[in-house]
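Some structures to go through are shown next.
Two complexes, one shared chain (subunit A), two partners (subunit B, subunit C).
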Partner chain A sequence: MLLQSEIASILLNGLQQGAIYALLGIGLTIILGTMEFLNLAHGALYLVGAYVGLIVFQETTLSNGFLYSAGITSIGFEGGFLAAIVLVPIVGFGLGLLMERFVAEPFYDRPETDQLLVTFGLALIVEETVKNVIGGNTFQSIAPSTLFGVNVSQPIQLPFVGLFPSWRLLIIVITFLVIGVTYLAIERTDFGLVVQAGTRDSEMVRLLGIKINRSYSLVFALGAALAAFAGLIGASIQTVSPQIGTDQALIPAFLTIVVGGAGSVRGAIAGGMVLGLIISAMTQTYSQWAQIVLYLFVALMLVFRPEGLFGTGEVGE
Partner chain B sequence: MARDTTALSRRDVLKTSGAAGVAGLAGLAGCTGGGGGDSEYPALGNYPVEGDEVVFGFNVPQSGSYSQEGADELRGYNLAVEHLNNGGGWVDDWEDLSGEGVLDKTVTAVEGDTATDPDTARQSATRMINRDNAIMITGGSSSGVAIAVQGLCQEEKVLFQCCITHSNDTTGSECVRYSFREMFNAYMTGQALAPVLRDEYGEDLNFYQLYADYSWGQTQQASMEQFFTEVGGWSQIESVPTPLGTSDYSSYLSDVPRDETDVLVLNHYGLDAANSLPQAIEAGLDQDMEIVVPLYNRLMAEAASGSIDGIFGTADWNWQLEDDASQSFVEVYRAEHDRAPSYGARIAYTQTLQYAAAVERAGTFYPPEVIRQLEGHEYSGAGLGEESMRACDHQAQRDVLVMQGASEQEQTEDKLLNIVSQTPRGDIGYACDAGPAAECELGEYGDE
Partner chain C sequence: MSDEVATDGGAVVESEEPASGGSGGSALSRLRERDDFVVVASAAALVVFPFLLVDVLGAVGDVIGLSIGGYTGLPSLVLIYGIIVIGFNLLLGYTGLLSFGHAAFFGSAAYSAALFSQIVPSPLLMVVVGTLVATLLAWPIGFVSIRRSGVYFAVLTLTFGQALYFYALGPGSWLTNGDNGFSNIEADGLFLGALPFDAQLTPLPILDSYTVMYGFAAIAMLVAIWVGNRIINSPYGLIFEALGENEERVEFVGLNVFRYKLMAFVISAIFAGVGGALFVIHEQYIHPTTGLYWIQSGDFVIMTVLGGTGSLVGPVFGALVFEYVANVVSGVSLPAIGSIGSLWRFVLGAVFVTIVWVFPRGIYGAFADLAALVNGGGGEGGDSTDPAATDGGERE
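Up next is the complex of A and B:
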């Protein structure tokens, strides 16, 4: 019984962590796969998502935010987090379009080292800007206490697991929905077909008369929106401070696509889940070995299966 | 650049001279040491101080897990410099200090970023000593950093005034002659907290610990285990290390046995505690057990907000203390920064002034004499009543505050915690041959 409950809680914690990694990994992998562009500013987009979420959540909270000062004291439910769920990906999408046009495009034909430098520089600029504009303060996480009138702040009793935070359960549902929709968009739509073809042979797609540049912008923007959304989800369970972009997003995103394989959406989902489960299982059993085992696993992947679980070529090739 | 060359060549000469024997050096430097107004001592470390200015090095985390602490420390340091040069605050009340600099030299400061990392902190301190000729280094927030920098300062014969460092090792197994600590330590936290928790929660309970896996967390965990067991008759179920900088503790928390555990001890600080405590409450652990965060700080209390309601811990100092010194510091700090100071700011301010006062009493910046002035020094006027800087381990013997988190309704920008008790220094502490002090070998003054 003890064993059952341990396995169940490892699975749930792993799924929740893995879902965030998958969101990050999908964004990074479609940009890397389609445009062969290594985006080290991916973590910065996560950071922006977390802060935009924080601001939207605070300003739309009905007890002290902007809406309250504007005289709106009731719109039927605590709308802060729902507003953020809508707005954060839109902001991320817009930023992605701008980044593609002004940062990525001039560097498509440049060596990878140039791409790394410019995107790493951009990440630092974003982090420092956040520090200067908003301050280096740490903000409390922004999980809503109720959603559509349902209390989500209390843990709920689950079979095998026991008490589990209900908000984290909801996160698993929400992130899997977003991952599912993204997967379908890439696997089942014309846009997705172009993206997939672009990851295999962008020259051929261009020769077929498809305006792949427009698709490039959309892919970049979609990746950015997913990273920003991951930031919002992250901000709902952990404190928000300027360094989370690198610590919580960039490194896990790269590990995810190393495991899953560059350019593969399926790989990013699988990679995220595998990493989430490894961390969860190790933390709960031999916590001191968690980081060692995680990086050892990724290193072994690079040695024995450099193309990743679902990848077609080596990472960064 | 010229300054660099001068500093390096002087230090190189010193190091070479060291090989010729300390007695010979003393005789020689007696003739060359002038310029500081007190030429009776040989050159040592960055002594003598040349020119009209004296440089203090403020080495604080401006990035990393404890960066907000660093910002607060810096506010305290800058206030101390301003008061040392122009009067104001405690400088007006401490009889050793004049308000016209230190030994008539204007105090200037250099700042460094430790990035909450011992290696970076050592590099930053090395630059301050070699390039900027800092006569005293202070700072840190993280015992790993404090221990690394104080070791360097011992080698370089430059005084280190600890800021936030709570590990037993700082004035225990890792203690050095050139470092002094005003802050209390994990051992004293255990002594102050255990009786309060026993009275509050009862005896013969089971407790489960999570601790940050580095110097501070390890000694913190050991001290909690010792005093909860000795004082409360409690039993430890398990104690689990977590890496410094962990942001998601959910897996660690899932492993806490709800039916066996009466008290969960979260030995986390700063950002780590700001994550682990709210996550423990989110998981509903507070419904099954009591939670304790042994060392509070403002960052954690602010970020954890409603989660700290009723949770016990200790603090170095609090702005709500009503003694004259505390209120005078709160007043000058508030005038400058428009809010009450955190305890990090008080330690920074106090340790800077303590160094300056010791220099004034010694009548020289010569480090061994300054050290002798600090050792065994009895003082008050630092907000915690009568204190002494013990000679055998350089650990301040002082009162410790036990705190309890305020409810969300009760909280204001400044008031996040309530003072439960001020444990007198006579009820805590340990002899020179007991506790962490038993492991302390201070090392040399440098003029033996």
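Up next is the complex of A and C:
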């Protein structure tokens, strides 16, 4: 019988892992939904986000970093991680624009297997570039010790839960904020309206005189920025190595949209949460079986409810 | 298992129009479709292949000062992966299904062959057992995955493959030895151990790449080519091809799409199983990352697409390029750049993207196009494919 505190910590850890999956899933699903483009390089963006975050953090925070050597010993409130929070999504956004223009666009009219293949190759290239430039070694996670002057390295006492790492709690807050803003941007703004309409029938949107190609670039870049941001968050709680792009990002992101339903933002959020809770519960009870149960759950889902929790079952089939 | 496939194809012949065997065309293209011609031509290529790959390239390498000759085990390794991708291409190139989970069949065959060798170290039985396990595994996985198409099919095969990988790594380690895998797997050699696998086939010391292992792999390769050729030139294979082009139309004709897709899946898994068992006999080790991890499935995809999905033996060129780059080029040290080392995968990724982009029909298709161009542009269909065959022969 599980203790009440164990259940509570399973829920919290599940939310935190689920939020990362949701960030990845939203990015993948809006690209798949709007452009019917399958991006196997989505994990590579997560990888880039993690490494850019790592580098920014090191260069601005640690005593061997660039800022320190330039004579600046502190930029206030331990700003390294904050700088990463700002820079990483920008880098991801730029990469997304480039990818849409030079990789995705020539393949919109090609068969989906070609899209899978070319983005798979791109993922290989990114992973190998990281290995050759930075090295294949593993880096420690980059959680800051203080943020906004608040100490976040110590666990704090929560009701029902007991001691819980305050950094992980903060991650839950930050990621849910980002997810919420993204959700509102897609559900409540004109841009989101175009994206949603494009998911249904991009030809019709074009006939209405809306420049959907520019929206395509923006959607792609938004998805990429979310993936890079997820990489930064992931890097703050897990070690960073070149394999994380596929192991911790690409495959979970695909599983997330399979569970949630392709093309649905709500589905990606729900799918991410479900998978996060499964992983968290299994890790705390039968950790050896965690991954297997996750994959088998998704397989069952595909067999019995292929359209996912919120999907229409049309995209990508 | 090859007989079963062939007779299955034969059974369909009776219910279909009998004259649908080939595309007609010239006498030469008809000749190319004949089993005996294909097998004899492949056999000839297999006889000279190790000499060209190891000895001739080695001699060239001595002249230019780079060790590009490769090691003596490379020809067998190329054939092993060649067998796998011939089967994989029946699924990807002909039936149009992209599986990201074929490492499951490769790995399960390799593991079961390794386990079986501890009881009876007979190589033939190891191949039989490995292939059998892969086939039995492919049936349920295919049965579930085939129900979905496109991305969902790719993701489903990937999830089953990864579930198996994590099982082998964790809960299944009582059987698979977990992260350590198995090493020093010894198979007896052929003819009840009379011919150990590292023994040479010829007494000539310069031909040291002609080992018993190579002969074994070459015979398996010939069988694979023969079976593959039989399948794609039978009405059964034509249905695979039709499925790849337009599934709905096949359904409207009244054929059971599900059954044919499942058969394509299982057949490709059989090839992967043969390759997995041969891999264990050749490399004498198996490990979850080598055998079951999804990157291994990705490697099959790369080889197939690199070589070209449009023909039976096209993917084998992909296997050749892949394994050559992985094993030989990665060890080469260039004068200006230095050691290539782990850069090989980067180069491979770049080459792969270029191939997908510019030559969707792969290296083999690009060579066929080039040969047609040299041969006078708009030649007839039969003429333009003929030089491609001789070209391919020279490369091997």
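For this structure, a couple of remarks:
In this text, the second predicted complex is superposed on the first by the 310 of 317 C-alpha atoms of A that agree within 3 Å, B and C clash if a C-alpha of one lies under 4 Å from a C-alpha of the other, contacts with A are read in each partner's own complex, and residues count from 1 in each chain.
Here is the rule we use: contacts are C-beta pairs under 8 Å (C-beta built on N, C-alpha and C of every residue); 3 or more make two chains touch, one makes a residue touch a chain.
All values reported here derive from a predicted model rather than from experimental measurement.
Model built by superposing both complexes on subunit A: subunit B and subunit C clash. Look at A:9: by the touch rule set out above, it reaches subunit B but stays clear of subunit C. Of the two partner chains placed by superposition, only subunit B is touched by A:163; subunit C is not. Using the contact criterion defined above for the overlaid structures, shared-chain residue A:136 touches subunit B and also reaches subunit C. Once the two complexes are overlaid on the shared chain, A:291 sits against subunit B and subunit C alike. Applying the stated contact rule after C-alpha superposition, one finds that A:237 touches subunit B and leaves subunit C untouched. Legend: residue contacts after superposition of the two complexes on their common chain; A:151 is shown touching neither subunit B nor subunit C. In the superposed model, A:38 makes contact with subunit C only, not with subunit B.
By the document's definition of touching, neither partner reaches A:189: not subunit B, not subunit C.
Put simply, subunit A uses residues 136, 288, 291 to touch subunit B in one complex and subunit C in the other. Chain contact summary for the complex, subunit B toward subunit A: residues 63-64, 67-68, 71, 213, 240-243, 245, 247-248, 250-252, 254-255, 258, 271, 274-275, 278-279, 282-284, 287-288, 299, 302-305.
Across the complex, subunit C is touched by residues 32, 38, 106, 110, 112-114, 116-118, 120-122, 124-125, 128-129, 131-132, 136, 246, 251, 254-255, 258, 262, 288-289, 291-292, 295-296, 298-299, 302-303, 306, 316-317 of subunit A.
By the touch criterion stated above, subunit A contacts subunit B in their complex at residues 6, 9-10, 13, 16-17, 136-141, 143, 153-155, 162-165, 167-168, 237-239, 241, 243-244, 247-248, 279-280, 283-284, 287-288, 290-291. Those residues of subunit C lying in contact with subunit A across their complex are 92, 96, 98, 144, 147-152, 154-156, 158-160, 162-163, 166-167, 170-171, 294-295, 298, 301-302, 305, 342-343, 345-346, 348-350, 352-353, 356-357, 360.
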